[in-house]
Every structure is written in structure tokens, then in C-alpha cells.
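Both complexes below contain chain A, partnered by chain B and then by chain C.
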Partner chain A sequence: MSNRFLAHLGRAYLGLILFFLYAPILVMAAMSLNASEFYQLPFKFSGEWYDRLWNNREILAAAGRSIWIAVVVTVIATTLGTAASIALFRHDFPGKRILQALLFPPIAIPWLITGTAMLIFFFGIGIGRGTPAVIIGHVALALPYVIVVVSARLASFDRVLEEAARSLGASAWQVTRAVTVPWILPGIIAGGLFAFAVSFDQFVVSYFLSEPGDTTLPVLIYTSIRKGFTPEINAISTIIIAVSMGLMLLAARFTKFGGDR
Partner chain B sequence: MAEVRVERLVKAYGAARALDEVTLDFPDGGFFGLLGPSGSGKTTLLRAIAGFVVPDTGRVFIGGAPVENVPVEHREIGMVFQNYALFPNMTVEENVAFGLVVRKTGAAETAKRVREALELVQLGHLATRKTHQLSGGQRQRVAMARAIVTRPRVLLLDEPLSALDKALRVDMQIELKRIQREVGITTIFVTHDQEEALTLSDRIGILKDGRLVRHGPPREVYDDPRDPFTAQFLGDANLIEGTPEPEGLRLSDGKLLPGLKGPTIAVRPESLRLDTTEPTAPFRLRARLQQRIFGGAMGTCIIDWQGRPLKAVGRDADFRGLPDAGDVWLSWPKESTIEFRANA
Partner chain C sequence: MAGTIAGQDRRKAFMLLSPAYLWLTVAVFLPLSAMAYFSFLSDVPFGGKDWHFTIANYRAFFETGTYATLMWKSLKLGLIVTAVSVVVGFPCAYVLAKVVKGRAREALFLLVILPFWSNSLVRIFSWAIVLRGNGVLDRAVNAVLPWDVKLNLMFSPTAIVIGLVHSYLPYVILTSYLALQAIDDSLIEAARSLGAKRRTILWRLILPLAAPGIIAGAVLIFVPVVGSFMEPRLLGGRLGTYYGTVIEDQFVAVFNWPLGAALSFILLAVVLAILAAASPMLKRAAT
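Take a look at the complex of A and B:
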């Protein structure tokens, strides 16, 4: 009796969580397809906002910039992160544990603080604001995610395989390329997807580090909302959500976050 | 092909010495078995020859040349690992070809040698399989083919058969021996299975606590182990202790074994004879048969002599006239007595 009651309660709880997570998104997606500018019901289907979006050069430019920054960040963070993970896996050196511990706080430190700190630091050393600063900042934020994901995959790697490859005459680089990397490839892909998402969805650090008029998409969305909300924002947000969720689902597939299959 | 020599090899992990002044020659083209209990240093010795373990002091020679400064990948070795370490992302032929590919061998030559190696281990028909589709014995063969396809100077085998079940292990022993004979490569292998060592090797080395206790051809070591550890580790041995006297070894039951020095001697279980009436052999003991174990063709008798358990092994027919338990006579021929060096 009470077991069944608990089961119902659990299901209701899960339902509430999913409702509050996804209802706003669904409403937004619906409104992006509603003809009314003021969210009036009844719902009347219209592709107008997507049309308007397609002709909004400012938004398209910001979206393009966001994408290429995210791609550059993904390439750099994934390469550095994979190399770091392999080094941490292969070698024991003094201070290794401290170094590993130092990789995690950036995930926990509020981005607002990280962004402020980076802004002050970048001005201090002369990099200042702008796209290079944004890229450096994003790489720093994405790197721990890549290292965590790739290291998790490496943990299941049998080191004897590297010894076997060496005994067969493979140089360190050949061992890495032919044996180690193929094994951790799913982790590298998942880490790369994380890096892309961290960069593409990044608002706070981008807001601090980008120059006015040369902003990324999230920053542009924020500033446009302050000027006045238009359903175009619903449209672009819906697209971003679709892309981000797609990436995360892909990442989940590669890391098997949800268990096997 | 090359001979291998290690000279005064020392490797310490903290206070423990995994290798303690080990000097040993591995003859060219021979099959050398390194044998010892776990922690005896046999694997460390193999890994030092491979180059995975850097010795603290001492030298390693392959083909007469010192290799301390030669990294693993340039030592021209072939190695078979305990769990085979096949590359999971590659097919059987890709695994076997790996050593040739990293040496940038031409495609035609690679294909030819891979085919030859797979045929040598009788796996030609499985070339395109993924390694996870193979049975344990097949993986073992792939690992062998992969290790010899590069024509290494030395083949190192780390407990190569321990992951297989008993029946398959016996088959693979014969197979390993055949492959090694056909290729003629200097082979060093590590095992804790003394029967495997005796079957495969033409020379064996026995290690204990990082020290080389005894080495030589298996029969020689078996017949003359020289110390109680080797006697008991290689095969089974009944140790008998007594007090040395001018005319022989005086045992605790007052019996004299004429002409033996002692203080410890050993007799192999298969040398012991059991009788219900007193035999004429000069080496005989009065003991108590405790248990007869029927094992098919062979049987085992557990005997109590002066509170010490002894074991006799023989054809079941030899034990047929004996009671299930009770007083018996133990005897053995003089030439079957194993005597140890005085200071052992």
C-alpha cells in the first residue's frame, strides 16, 4: 500500500521536475512560432519570426562569431585537454595530485568571478578585451571539462597495451596515435562537445571579455532583451536550445552518461 | 637470434629487493624457463630484459651488446603478455601487422609476413576477425604471431598460458614448443607452473626472493636440486632430517641410513615404495599409512612418519595390496636419495 503510494509520489516528483525544466522551453518554442508579437492566444502558426531572424544581420553575425569561436575553442581545448589527460595518466611526478586537484575548482567557481578576474588580468598583461581574450577565457573554462571526460575514459584503458605496442617497436608518438587515442576517442569526442557547448553557451565571461559591437550570440541576446523583447529572440533561443541539446545528447551517447545504451 | 646475458642485476622497490645480484646466461636459440613463487622476481627479471624495468645496478646484454641505454622499442624483442594485450581496435591481421607497420615495412612484404605468421600459428582463416570474437587459445596464438612477425632477437613470454584452462594449456604447451623450434628464436618465459617449466624449457632458472637459486637443464635440476627449496618447488619432495654420524644419518626414530651425510635429505614421492612386510632395502622406515587416494591410473598415499606427513605417488596397481590405513614399511633405492650441499 505505502509502497504504491511512494511510487506514485516519486513519479509525480519526477513529473514536476521535467515540467519546470521543459515547460518554459516548450512555451518559448511555441511562441517563436506564434503570429502574435505579444504572446496572445489563441495560437496562430507563423514562421515570421524565423524570417525576420534570417534577415537580422546583427544576430546572424553574432551567431557566426559564436560558432567560429566555439570551433576554435573546441579544437584548442580538446587538443590540450587530451594531451594533459594522457600525461597525467602515464606519468607520476611530484605535485601531480595538487595539479589534478587544481583542475576542478574552475568548474565550481562562479563564472561571474572568473570573468571579472580574467578581465582584470587580461588588462593587466595587455591582452585587453576582444576575440583573443574571449577565446583564451573560453579555453580556460572548457579545459577542465575535457580533462575530466577524457581521464574518465582513460581510467578503463589497459596500460599493458602501450607496453605491447612499445615491445613491437612503436615510438611514444606511434603508441599514442595507434593505440591510446583510438581507445579514448569516444572520450575525446564527448570532451570536444562539452568544450563546444561551454563556449557557445557562455555568457558571463564573453560579456566581460568581448568588445561592444563585436559580441557573441548570448551577449547579443542579453543586450537585445534589455532594449525590448521580440519574438525573434524566442526563435534564435529555440535554435540554440535545439543545437545545445543535440550536442549534449551526442556527448551522452559517447560517455554513456545514462548507463549503457 | 641472439644470446641474452644479465650480470649482477639489482632492482629494489623500497626495502624489498625484487632482483638481488642476478647473473644468468640465456643461450642462443634456447627455451629458458624462469620459475619461482610469486614475488620471487621472475617477472621483474623478464621486464628488465624487455626494458620496462630499469635496474638499479647491473647490466643486460642482448647479442653481446649492452642494452641499458636502449629503449624498449629499439631492443628488437617480441613479447607475449599474460592477458595477451591484443589491440582491441584492430583485427587479427592488423594486430599481427602492427610491428611491421611501425617499422614502415612495405605493404607487400607486410602482407606476406603476416600471412606466414598467422599460418605458423594456424590462424590464417581468422585474419579479418576482431580480437574480441576469439577464444582464449586463439588470442594466445595471435599474441604469438604478433610477437614473432618482426623477427625479434629474443622472445619474452610472461606467464603466457596462465589465462587458459588446463586442457587447452597442455595443447598450447605443445604448440608453443613447436613454434619456438620452427622459428629457432631465443625464448625466455616466466611461469609459476613447474610442470609447464619442465615440459617447455631446455634450461630453467629458479628464483626465490630476488635471488637465482639454481639453474640448468630441467632434468639435472630435478635430479639434483642441491637445496631443499628447489627440491620442494620443482616437483614434490619428502624432506627427512636427522643427525649426521660417522657411519650415516641417524633419524629421530633411531634408524640409521648408512652412508648418508645429512642433516637433511629428500626423497621424491614417486621413489617411495610401500610394503606390509619388511623389505631388504637398506633405506627403510617404519611409518603409518593414513590415507590412500585413488586418482585413476595413479594413486597417492599419505603417510605419517614420526609426526611428519610424507607422500608417496605411484601406479594404483602398486598400492593394491595395502590396507586402507595402518603400519607399513617405507623404502627407497639408494640412488633415489637427494642429498643437499652441506651449507644448504
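Take a look at the complex of A and C:
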């Protein structure tokens, strides 16, 4: 077998993987525009499910709640995460490595465990279920991502710039505001987009922490599917996938996904 | 003087760090401790119920056998999904890292990673549409093959594996890609010019060097799959009872929180043991 043939084979294989990854999503998108509510073929175009979606107050309320929660989570997680990243970058102190290692449990432990543990604890201290509990949980899940992304951007920051500003008489706060933050802004924006996506797409933790009847969009979708789904779920799912993929494409413009640039 | 400057420095660092870590403490570390405490109770300690300390919840795991069987079932599911993902994903990462070049690589890499950052629940739901009886896949297969086939994949263990591989495949592609990219092409050239066969290069050079990346990806897949409950529920139907779904039931259906806490904690112990065993490899992969 020649190398050329193998390279072609490799590209074909890559195409096959992409087909596997995207085909079901495209099928779902197509079915959201299919007239039959039982996904019957042949395909007949209809925008009925999207029309129905705009009149489904339960779904719209959950969507609004999900977006609102994601915005709050983004603001809190990005602020706290950026502050922590700057401290981890600027200062050396005993226990720094431990602090950095502590960022991994929220990412590495299955959300089922984290979610149920949060449910128990929040009930124990009186917060209980509901939107505040969901926000507290989401911020904790989003924080490590923000810190990792912002720290990656900080790694390329030349500290001489800070020292130069200091020697020209700028206060520490001025240095941060006028030198450091503008430089790491792409990292902060990317971290914010990650935080938004983590919250907006989060199902497991929301599932345990949200109040029945007052849920986020993914939780509503899960319960609807289990009850025997309505075709509007198809339409809203297609919109969700489009939104979260769009967000990630945007984030990719501000950060590198581990690829070389 | 130096001492006070260092002290001031430390105070600044503390002020910047404490909000983030306080939040993590309240939202993650204290809850995990609370769960450990709960797992030793006979009933929930609020709502005026009678409760006392007990190890009955752990005895339930070790004595009844049901939970241990389900744990084994979940571990097996984790092994299968991980193995399939590595076997399918590694060649894909290799093509991306060593065959495709330039801007095409960047775009293709992003395309492979993108689904991973989209809603996992919705992606599982999309498989339910594809796999359902007389659905798109059935139609497509029957259109190609001349004889009549009924795949009946929906609500089967195969459906669960397909959905989970779809969910977690990008992980192993990402970590393998990063490891493969770090291998110097001239190393492969040198081996080739010294007369090494393709298979020898793969087994003796590429796989050993990429091993940390592959193992990191495998761990990142195995851990969440063992704790999965949404995917077995939606794609497995009645056959979809796994360790994760039993924990879910304790919290949302049966309301036996102490038992759920004990089962969660046993799962956490298993997960931590796996992470600890793999941590030297994970560290090597991270650098």
C-alpha cells in the first residue's frame, strides 16, 4: 500500500467520524421541520413545531430562566475566576500547587456525585432547591474552566509590562486595569463564553437542584422526553444545539482549543 | 522591610483568591463532606424525623448484592465505551495530527471538538430519534440492503454504548491529538530511513510516545460513564438500570437520601481510586 493511498484512507476515515458525530444532530434538525409528529417518512416540510414552540409558555419560561441563570453565572464566575487567575499568576506562596489541584475535583468528579452532594448540603443549610441553589452550583462548575482559560492567556503575558507601568508611577490597581486586563481580555471573553456554555448546557446538577415546575430548559427537556415527548422538544433542541455550537465557535476565535496556531 | 512587603503581597493574593475558593468550598467541598456524614444516618435529619448513626447503608451495598452487581454492570459499560472510543478515536487523532496539514487541520480539529461543547442531553435525544424502530437508521439500512432487516437498536445496551461513545469520543481524540502532535516527525523519518516497517513504527515508537495522551483520554471517558444515568435512561428504556440510575432514584423517586449518599460515596471512592492510579500518566499528559 502506498503512502498516498493510506493518506486518502485516513481522510476518508476522518470523514466517517465527522459523519457519525454530526448525522444524528442533522437528523434531529430535519425532523424538527418534518410535518409528522411521529418522525414518519417521507419527509414533508412544515414549520408547525416552531410555531407551536412560540406559544408553549412552559418551554419559553424555562428557556428564559436558563438564559438568565447562565448570564448571572457568567458574570460571577468570570469575575471570581479572573481575580483568582491573576493572583495565581502574580504571586508565589506555599500551598499554591494545592490550590491549583483543587480546581480539578469539580471537573473530574461525575456530576451525579457533585449534584446529589449539593442537594444534601443545600437542604441541610436551608437554601433548599431552586434558582439560587442552581446558580451556586453552576458557578462552582464554571469557575475551574474560567481559571484554566484565563491562566493560559496570562502565561503569554510579559511581566516586564507590569513593572514598566509600576516604575512610571501607576498604582497596582491602575496596572491591573490599564495593562493586565486589556492584555488578557481575549482570555476573559473566552472564559466567559465557556462559563455561559457550562451553565446553559448543564443538565445533571440543575436536575437535582431545581424546583419541579420551575426548572431550566435541559431539565424540562429530560422530563418531557421521559413522559413521552412532544415534537416541540425537537424544535427547541435544535435551537439549543445551534446556540451552544455558535457560542463555542465564538470562543474558539478568542482562544486556541489546544491546537497550534 | 522585606518581611512586610511579602506579607502585603500575601494579603493581596489572599484577597484575590478567597472569593473563588470560598465559593468552591461552599458549593463542592462542604457538600461532599455533608454527603459523607449523611451516608451514616438512618434517615434525613430534618423535617422532625427520628434518626441515628448507622452503617446499614454501606451494609446494604455489600450484603444484598444488587448494588454490587449494578456497580459491576456500570464498570463494564465504562470499559466497553472507553475501549470503543479509544479504538475509534486514536486513528482519527492520528490522521488529524500527522496526515492533514495547515488550515484544513485547524478547521477539522474544531469540527471534531465542537459537538463535545454542545448539549449532551440533546445529543442523546437525537440518537433516540435516529435509532427508534422504523426510524431513520432502519429506513437507511433497508434502502441499501435488498432483504428486510429489523435492527431494533433502541432500548438496548448497544444503543446506550452508541450514545455514550458519541458523547465522549471527542475527549480521547483531543488528548491523543495533543500527544501525537508533540512527537517530532523527524523521529518517525529516522525510524523509516533505518528500515523500520510501518507496524514496527506504530507499536514501538508512536503508541508508546502517545500512551500518556491515550490513557488521559481513557480516564476522562471512563469516570463519567461509570456515573452516567441520563444516557441509560433515555436510550436503554427498561434495560437501562445502572448504578447511576439507582442513585438518581434514591434522590428523585424513592427519597432514601442516606442510602443514595452511601451509594454516591462508594462511587466516589471507586472514581478517586481510578484517578489516583492514573495520576502519574495524567501528569505526564498535561505537560
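Here, the second predicted complex is superposed on the first by the 256 of 261 C-alpha atoms of A that agree within 3 Å, B and C clash if a C-alpha of one lies under 4 Å from a C-alpha of the other, contacts with A are read in each partner's own complex, and residues count from 1 in each chain.
Quick note on the criterion: a contact is a pair of C-beta atoms (placed from the backbone, for glycine too) under 8 Å apart; a residue touches a chain by one contact, two chains touch by 3 or more.
Predicted model only: the values in this text are computed from it and were never measured.
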item	value
Which of chain B and chain C A:T116 touches, first, second, both or neither	second
Partner chain in contact with A:A170 - chain B first, chain C second, else both or neither	first
Which of chain B and chain C A:V160 touches, first, second, both or neither	first
Chain C versus chain B, contacts on chain A by residue	C
Touching partner for A:L60 - first (chain B), second (chain C), both, neither	neither
First (chain B), second (chain C), both or neither touched by A:Y222	second
First (chain B), second (chain C), both or neither touched by A:L250	neither
Touching partner for A:A152 - first (chain B), second (chain C), both, neither	neither
First (chain B), second (chain C), both or neither touched by A:A178	first
Chain B and chain C footprints on chain A, overlapping residues	none
In the complex with chain C, residue positions of chain A that touch it	7, 10-11, 13-14, 17-18, 20-25, 27-28, 31, 39, 41, 80-81, 83-84, 86-88, 90-91, 93, 99, 102-103, 105-106, 108-114, 116-124, 136-137, 139-140, 143, 147, 172, 197, 200-201, 203-204, 207-208, 218, 221-222, 225-226, 229, 233-234, 237, 240-241, 244-245, 247-249, 252, 257-261
In the complex with chain B, residue positions of chain A that touch it	158, 160-161, 163-171, 174, 178-179, 182-183
Chain C residues touching chain A - in the complex, by the definition given at the top	9-10, 12-13, 16-17, 19-21, 23-24, 26-32, 34-35, 38, 44-46, 88-89, 91-92, 94-96, 99-100, 105-106, 108-115, 117-123, 125-130, 132, 135-136, 139, 166, 169-170, 173-174, 177-178, 181, 223-224, 226-230, 233-234, 244, 247-248, 251-252, 257, 260-261, 264, 267-268, 271, 275
In the complex, chain B residues that touch chain A	50, 52, 71-74, 76-79, 81, 83, 85-89, 98-99, 101-103, 146-147, 150, 156
